[in-house]
Every structure is written in structure tokens, then in C-alpha cells.
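Letters A, B, C, D, E and F name the chains as they come in the text, with residue numbers starting at 1 for each one.
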Amino acid sequence: MLFKRGLRNAFIQGVFLLNRAAPRMVGEAYTLRYIPAREDVDQLGAFEGRGHPQREAIEACPPGHVLVMDARRDASAATGGDILMTRLMVRGAAGIVTDGGLRDTPTIEKLELPVYCGSRSAPLNLVRHHAVDAQVPIGCGGVAVYPGDVVVGDAEGVVVIPAKMVDDVAKEAETQTQFEDWVEMKVKEGRSIFGLYPPNAETKAEYEAWRAKQR
Amino acid sequence: MLFKRGLRNAFIQGVFLLNRAAPRMVGEAYTLRYIPAREDVDQLGAFEGRGHPQREAIEACPPGHVLVMDARRDASAATGGDILMTRLMVRGAAGIVTDGGLRDTPTIEKLELPVYCGSRSAPLNLVRHHAVDAQVPIGCGGVAVYPGDVVVGDAEGVVVIPAKMVDDVAKEAETQTQFEDWVEMKVKEGRSIFGLYPPNAETKAEYEAWRAKQR
Amino acid sequence: MLFKRGLRNAFIQGVFLLNRAAPRMVGEAYTLRYIPAREDVDQLGAFEGRGHPQREAIEACPPGHVLVMDARRDASAATGGDILMTRLMVRGAAGIVTDGGLRDTPTIEKLELPVYCGSRSAPLNLVRHHAVDAQVPIGCGGVAVYPGDVVVGDAEGVVVIPAKMVDDVAKEAETQTQFEDWVEMKVKEGRSIFGLYPPNAETKAEYEAWRAKQR
Amino acid sequence: MLFKRGLRNAFIQGVFLLNRAAPRMVGEAYTLRYIPAREDVDQLGAFEGRGHPQREAIEACPPGHVLVMDARRDASAATGGDILMTRLMVRGAAGIVTDGGLRDTPTIEKLELPVYCGSRSAPLNLVRHHAVDAQVPIGCGGVAVYPGDVVVGDAEGVVVIPAKMVDDVAKEAETQTQFEDWVEMKVKEGRSIFGLYPPNAETKAEYEAWRAKQR
Amino acid sequence: MLFKRGLRNAFIQGVFLLNRAAPRMVGEAYTLRYIPAREDVDQLGAFEGRGHPQREAIEACPPGHVLVMDARRDASAATGGDILMTRLMVRGAAGIVTDGGLRDTPTIEKLELPVYCGSRSAPLNLVRHHAVDAQVPIGCGGVAVYPGDVVVGDAEGVVVIPAKMVDDVAKEAETQTQFEDWVEMKVKEGRSIFGLYPPNAETKAEYEAWRAKQR
Amino acid sequence: MLFKRGLRNAFIQGVFLLNRAAPRMVGEAYTLRYIPAREDVDQLGAFEGRGHPQREAIEACPPGHVLVMDARRDASAATGGDILMTRLMVRGAAGIVTDGGLRDTPTIEKLELPVYCGSRSAPLNLVRHHAVDAQVPIGCGGVAVYPGDVVVGDAEGVVVIPAKMVDDVAKEAETQTQFEDWVEMKVKEGRSIFGLYPPNAETKAEYEAWRAKQR
């Protein structure tokens, strides 16, 4: 459906879901951007007090939103750990996506919160990443993410839907899913995919007739 | 055993088994080749009617065969989804191997069919891959696959055995597995691996004696 | 804690735990080094008799130690299989870490022994790796490993702690873990991370008071 | 201009020009496809007699054509050397492009023939590559190449133009180049790029007036 | 000298100098940030009128500054071409650094302006890159670059010096270079490096004596 | 010729010649091994006094030998600079090969000494590399190098020849080069490669006749 609208690059590459028991993820993107760490700036004291962009983002990400982090696809160090993920869950976040690493993943994977990362990675973010600003357009896993885009995730991965296309895409997705469920049923009955998927005129008519009967 | 026959490159690199509950995979290779997509050719209409090489391959792959796809090791887009995998299963395919991505993997991983891919990847194949021909020699995961080679897979991965070596290798594999099971037993009893694995003359005699007794 | 001591590179990159049911891994490093294989040297006969560095290492790695293998981060061939891993387990090894591949992983993953590798990889080590010497300083997954360093692993991965820092780090780790458990509890109760993590003076006092009460 | 026609992927990635003194390259693609080598097939005798696809392709590539080779972007071994490149030059080829390696590059780089490769690479093609067929659609450096497409190269690299777009693109390229030369002149005179590049109505009028005067 | 100040990561990785005849580059960083392109936003019309961040940056980068572009180390498309580079030169820029690609490199490499890029790359930036904002902290080739940092380049590559360290580093660099020139002279005379490089007390005295004589 | 002797992996991958004016390189390998740096060990003081393996190797590498360095193919930091390369030249080394980086490359590339590296790289070796021992078997660019192997380099790259094969290979190389020069001549005269390269019986006879006449 995004392809039909001209989008060829909406699937975040190189991340996976840590918590397989989590619900499907849907929410607006709240973005956080990292640049490479620099040793004179990124010392342990950095997190103290208010004002650190990563900590601020965690307390600012609104309920129902997905925190999406741009770590330049470098997963050799963490961009967060279990305490921060738990805080986000308690605050009502819909999920977390980072193309960097996460630490404490054995704990995180037990949360009932969809969390996607590039790698299980114990090193502190200060080793490699410096949080710099939030709610700016970012890249994550090779995909543009603008604040307010809708971020959708399942066990396969994460897709980013531009804000303005969301309603259309949601409607079409439902229709498409129903049709594909019917196709799946036909395939299991032994039907060839020729003329079925994609459907020719005859198949379309057959499907519509079937749908009419279901109501 | 392939090493002994001079083959150093028979294990398909960079693919993993989606469905851990699936049976062991053995079957002759039926090959499908993709090249990079080009926007003017690879439009949604491409799959309509007969004649699209991917759809043709799925309806042509004979029962008991393994569909092996060459996607140039680019797993950033799918080379198939659950409907096509289900159709292959219904038609009696022995398994599927692609060094590209697959979509709908949460559904595919529940099929009782061995399916190997390079990545879980939602984007439509048209974004990146153009199916061009079937039953030609291909590369898959860095390994040459000729139509008719025997493709064997377990939870570790996939090995390609040249057609002409299959009978010999199968016999030797059985012998070797029995011997290694016995070695494993001895190791569990506390035996050192020196002289045991690989076996010296004494160990060989001991094993033969043990085997004779088993019959 | 390693970061505080100036170490930014102690987490072995690119390896994963095969046996999720295994106990936590702690032990001194026993090292084994591989270089690229060369066809005239690395023939099947190589393992016969005593004297092959890989087989020697497996019989020499002391109980309670972790065998750490430097395979130049090339996981396209194995650096061992189930028989060798079983032998190590029987001999009392605390675990195995390799940045190369391992074969027979479906069997290995059932052992009650922590085994970390770069990939499931069927090809024989002779195809790519030549064991050359043991108990020398090596690199593994981008990290320096000196014989005698302490190697610690959990489901997230493996950290290497320089021998001379081990006692200090162990003490501090316990303290830190207790504090983080308390923080986790507070976060679950709904506390903001500001002033909590990292803690300000007030939070530190609160934690000390709580600890005093626990005893 | 290809972008305007919807093509986003026409530049062959990862190849460079060996012979900087060579003329600009333009010609129709004559394609050659390699798969991974297999030790039992790819022996030194392979090239003897007629019938080897690589040797056949070199003698069949028509004058004025560009030989484009698909080596799966693996440049760790050669796909040709100076003797074959010289033969192609003598036969009147317009150029050579391979995403594999080439050997004897110190000699090849002195030829007055545009030759592009992925790497200088001494190993014989048999080590890694098996030539399998010619004049089929291929991928080269991540780009689809169909026999008959027009392949254009300069010191920057190589672009593939679909056969059916060639005339249009050629005309437009000339127009565009003339305009950009004029823009370059204006920029050197100190003009800001706002309104100049891309041009607004005023700039377009100025350019047309200037062109009219030139005739 | 940066190492002595605790900086281990100041060299921009993966870029090279296009114009070998250019002067040494020194200037303050003026930064420009790209995110991945998205098809609905990044159309040809994008550059028209004022307001496009890339074009704005080119007209805003002050004389004597270095334009540093963060293209997420993706050099498969351009982040600029000869017209923009020429405009920067005319406006008095001290140089350009991008970890993306540049187009028209055969023309750019003849400019008397130091230009560093990740690759020669013909595709339009719209294919892959979307300029989003300027004068924010960025990453370039794995290094943090803050507006106002000093960017220094020669034929080897580019180093980023934090603003606050510049004066100290500059002084020390001069001293160090003079000393290394003297060491080079001694080495050419046949002196061993032991005690010379790094210098022991005796060598230091010898050098100081020599320097005193030079004045 | 190495292929004929069963060696498929003798070409050092990923290095290039810095000094194009240098003579062809031939010499026995003197090896130096690096592991990843560790911050507590690899401080500036490390090089002081005798005993540092890198400095020792530079003073120990015998005249006529090639210093080959194993930097684990990580070229993001230097494994040496102009002073060390100059010292090696003065001591009579036949050349240097490293799969790591080198610093001061603008100076090194003017030396009349063949120097091969993985990248131009300014960062000090201490940032990434720790020299650990010399004259042990190593890997360099994916190839096994044993002390005493013969290392041969030209503008294309570097090949490693096992000590025991050197005499045979040298003789055969001369014969082969003479034959290929004759083939090149024939190809320039317009001869087809069929039957010529590789030669059939007739061609072999023709070549022998031609050679006989030359004497």
C-alpha cells in the first residue's frame, strides 16, 4: 500500500523485536537523535541533573507515542537499558525503536512493551552515542522518521507511515488483509495462484460474492 | 565429507531457518533467479496474468523439490510471503531457501515446511528484486546451486550437494553419524579426544567391535 | 564500572549465546588463536595424533576456565562442534566463546554449558581456520583478551575484565546491581528518572535509609 | 534525467575506472553472468577448447558494445586479465564493466579502452567465479542491466540507460549540459544559486537570450 | 595531541581528498544534516525558490569556514555537485567534507579547493538524501562535529578539533612537527629509533641543543 | 601457479600500494601481530624504553625482508607512520605490508620503498591496536603468513608464497610470463583467443618454434 503511493523505503532495516509476547505496536513517532560520543563531553556526570536530552526525551515522550531513536545504525553500544524502558512503559509509551543497541535485554525482553533494537549491547551509550536533540526529523534503520509519523510494528519489524497518509493506508490495510485471508483459505484448499493472487476479474467477483454472503 | 571430495564452499551463508518445528529438509533444487528491480518494469501490474517468472516458478516447482532463490544476498526486501509459501507447501515442495528477505514471517514460521531466508523483511519484492528466470544455475548465499543438486537443511542451515556426489555422500554421512554418536557417548563417559577423534587404529578397532556387538 | 575505570571496549561484539538455559558464565580466559587456513597445511590428516593446537587446547583448558577463541571475526566456518564442546563440558570448563562459527549447534544448544559463537556454521574449521597457538593474548569480537582475564557472560553477551581489576569490579557490580534493583522498583511505582537515575543527594539518602531498614 | 523518468537506481555502485586516459564510454550492453565457483567444476582445464562462456563472450561481444559482467559484487578474485581486455580492444569493444576484480591491472590501465572494475585482484577467476551464460539480464553493482541497454561511462563511473529511453535522454542530456555550463559560468562570475539553479522564470529567459546571441 | 587530551575519535573515517593540488584545509565547521529521502517529499521541485536547507547552507556558509555534511556515511548518492562546490569556492569557503557522495567529481577535482567525500557518485541527492537542517551538531564519518569546531585536512584526511582545544593543539602541533622533522633527519642519518622516538632525556637534550643553534 | 598447487587464497585482500614509483617488492616475511588496544595498557608511555614489540620489530626486521603486520583488517587507526617507515627503509627492508592503516601517508608515498596498507589513517595505533609479538604465524588481509614465506608485490597487490614452493613457483612464473608476453603480441596482431589462451597443441608448437628462433 505504501508502494502504491510511491514509497519504496518505509521498513526500518536491521532491527528486531526483543519481546515476542508484546502487543502489536502502533503510535505516533517521538524522535531522539544521537551523534557520535566525544570523550571530553560524554563523561559519567553527563546524566546528572535535568537537561540531558536522552533523559528529557524519556520523560517527555507522550503516552501512546513510540520513542524512535537515531543511533546512526551503530549498535555496538546501548542507547538505553531496562530502567529507561520500564519508565517509558510506566509512562504509557506505545513502544520503542532504536537502530542502536540496548542493554539489560534479558530484563527488557520480559516487559509487555514492544521494544525493537539493532543489537543486544552491554556498553554504556556514552562509549559511542551522544544524545543531542528530540522531536526533529531523523533517520532510523535507513528510513526517514518525522515527528508525528505513525510507527507500526509486529514480530516481523517496523514500518513508518507518513502522517498525511495514515487514514487512507489504515482503511486499505484492513480491506487488503481481509482479502489476503480469503486468498490464504483458497490456497489451502488447493487453488493455484494464477488469477487468484493478484486476482483477475473472475476472482474479484468470487471474493465479492463470498464477502456479501458473510455479512 | 564434501571437504574430503575437495568442496570447501557448500554451506549457504547468511540464511536461517524460520520454522524450528519443521522436518529436516531434503530435496532437489529448483532454482529461481532475481536481478535488481528497475522502476519502469517493476510496477504492481507485473504480477497480473501468467508469465511472471516468480509466480510461474511457484506453480512449476515439482513436489519433493526445494525452491532455491538467488536474490544477490540482498535481504532488504522480500522475495515472497505467506501466500506463496503456503501454495508451495500445498503443492508438496520439500522446502524453500532464499538469500533475500521474506515477508509475513510471523505466519510463515508456523508452517510445517522448512523455510530459510536472509532476513524478515516486509517490503514488496518489486522494491528491490525482479524475478528473471528459473532452472538456471544460480548463486545462493555464496554457494553455486545447479538445478538438480540436492539441498539438505536442518536447524543449523543448508548444504548443497552436487547431483553426482549425492549417493556416495549419503552413505558416508550415515556411517559418519553413527561413528560420531559413539564418540559422543565415549566423551560423555570421560574419554579424552586424543586418539578418539579422529580415531587411531585402536579406537577404530574398538568401535568396530562395539558395532558388531550391537547387531 | 569498566567505563569508570577508563575501559570503553570490553564487550565482545558479534557473538550470541547458543544455550539459553545455561548458567551465567564466569571464569578465567584460556585463549586459542586461529589464522587463515592454507590448503597445503590444513588437510584432514591435520588432527591425527597429538600436537594439534585446537585439540591440545581442549584437553588443556583447566576446569573453571573459559576457552576464548580468536577466529578473526570470520564466522563462515566452524571453530568446533558438539564433540569438542561436550569434551570441554565434561572436563569442567566454565564456558566457550568464539568469534568464529560453531557446527552441530542444534546439539550444542542443548548442553548445560554457556557457549557463545558468531554464527551457526557447518563448514569444517580446516576450510577457513588454522589453530596456531594457545595462551597468548588475542582479540575476540574486537576486544583484547589476555590469558587470566575474567570472562563474564549472560544472555546479553560477554564482557572481559582485566585480571587486575576483577576484585574491585566484582564488589562494585554487586553494590550497583542492588541499587539498580531498588531504582527499578521505584520506577515501577511511577517515580520519574530525574534525580533518581543517576541519583541526586536526596535519592542517595533515601536509598541508604531503605537499605538500612532491609538488614 | 533518469530521476525525472522515475529511475532511482541506474548508477553502478562500487566500480572505478582503471584507465584515466581512456575516451568516454558509450555502447550497448553485452552481458556475461558468473555464479560462485565450485571446486569440482572450476579446474584449470575448464578454459580449454571452445565452449567456455567467458571466452565465448569475449569473442562474441560485437564492436561498439560494452561487455558488462555480473560477478555478484565479489571483487576478491579476477573476472579477466590483460590478455582478454586486449582482445576485446582489438575486436573493437567500447568498454568493459565488471563488479568483480580484474588482474594485470598495471597493464590494463595503460590501454586506451575504458575498463571499470570493483578491485585490482590477482586471483584467477576459477577461485571464486564460474562464467555461466551471456546475453541474459544481469545485475551489476546493484543495477539491472538488460542486453541492449546503453551503458555510459566517464571518470566518475557508469550509468545504465534503458534501451527505450536512450534517444530522449541523449537529447535532454545535451540541452542540460549546455545549460549547466552556462550556470557554471554565472557562478564563477559570482552569482548566487538562488533562482539560478534550479532556474526561475527570469533566469530561464536570460539563458534563452544568451543562447540566441551565441548562434 | 588529541590522544593526549583523551580524544580517541577525531579522524573522519571513509572520506578522501578529491583535489590533490588543493591547499591544506583549515576552518571552522559549518554543518549540514541529511536524513534518508522519502519519495513524496523529495521530488525535483524541492530545490525551487528559497528555503531548501542545502541551498540555504551553501549561501550561508561564511568565508573561511568548512561545510561539513552528515549523510549517514551513505555514499551511494551525491550530496552536491560541481555547481554547488564552485559557488562555495567563489564565496570563500575553506573546504567541503561529506561522508556521502559527490557528483561531477571529474570537474570538482580540478578546483583549487579542498573537497573530501565518501565516493564519486552520480545519483542526485534526492534519490537517497534529504537536507534537513544546518548548524546543529552532527556526525561525519563516525566523528562528532559541533558548529565552530576546527576542521583540518591534508592529503591523508580530516581531523576535527574541539573549539576549546584549538589554540593549545595548534601550538603543540607546531612544536611536535618541528621535533618530528628533526627525528626524520636523524633516522635518515641512520639512527635507531630506540631512545629517539619517543625521545629519552639524552635525545631531548640533543634536540634542544640543536634547536638553540638553529636560531 | 599457486592455484595449480592447490592454493586458492594467497592474495592479500584490501590493501593497496602507497608509493607507485617504488620497485617491485620481493622478500621473506618478518611478521608482527597486533591485538585490540585496551585503554589501561595502551597509554602514551608505552613506547618509551626498549621492549615495545612494534619498535623492537622495526629494529629487528632483517635487510631484504618484508615487515608484514596483522592488524585484524581494521584500518581505522595507524599501525605506523613516516618515521618508522623511513627507519625500515634505512635498515634495508624490502617493503612493508599492513592490513591496518598508516599515518603520514603523504610523506610515506614519496619513499622509494614499497609500502602497502589498508587505509590512510591518522589516528595513533594506541587508539585501536596493541603490538603483541613478532615472528609468529599471522593473518594479513585474509591470508596466512608464516615467517619465512616469500612476499611478492607489484602495483596490483601482494601475494604470499609458502617457503617450500618458492623456487618452483619462481621458475614457472618466468616461463609463464614469457609465454603470456608472446600471447599478448599475438592478440595485438588480431589473433582470436580460442586455441591461443590456453594454448592447444598447435599453438604450443608455434610458440616453441618462435622461442627457438629468438635464441
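To be clear about the criterion, a contact is a pair of C-beta atoms (placed from the backbone, for glycine too) under 8 Å apart; a residue touches a chain by one contact, two chains touch by 3 or more.
Fair warning: this is a prediction, and the values are worked out from it, not measured in the lab.
The set of chains in contact with chain B as well as chain E comprises A, D. Note on connectivity: the fewest chain-to-chain touch steps from chain A to chain D number 2. For chain D, the chain whose average C-alpha position is most distant is C. Shared residue numbers account for under half of those found at the interface formed by chain A and chain B, and the copies are therefore classed as meeting with different residues. Chain B and chain D have centres, each the mean of its CA atoms, that are 35 Å apart.
With centres taken as mean Cα positions, chain C sits 31 Å from chain A. Residue numbers of chain D whose C-beta contacts span two or more other chains: 8-9.
The chain pairs satisfying the stated touch condition come to A-B, A-C, A-E, B-C, B-D, C-F, D-E, D-F, E-F. Those residues of chain A that touch chain C in the shared complex are 44, 47-50, 55, 58-59, 76, 82-84, 86-87, 90, 103-106, 120-124, 126-127. Listed in rising order, the residues of chain B touching chain C in the complex are 3-4, 8-11, 13, 16, 154-157, 159, 180, 183-184, 187-188, 190, 192-194, 197-198, 200. Across the complex, chain E meets chain A through its residues 5-9, 35-41, 72-73, 130, 132-133, 136-139, 142-145, 162, 165.
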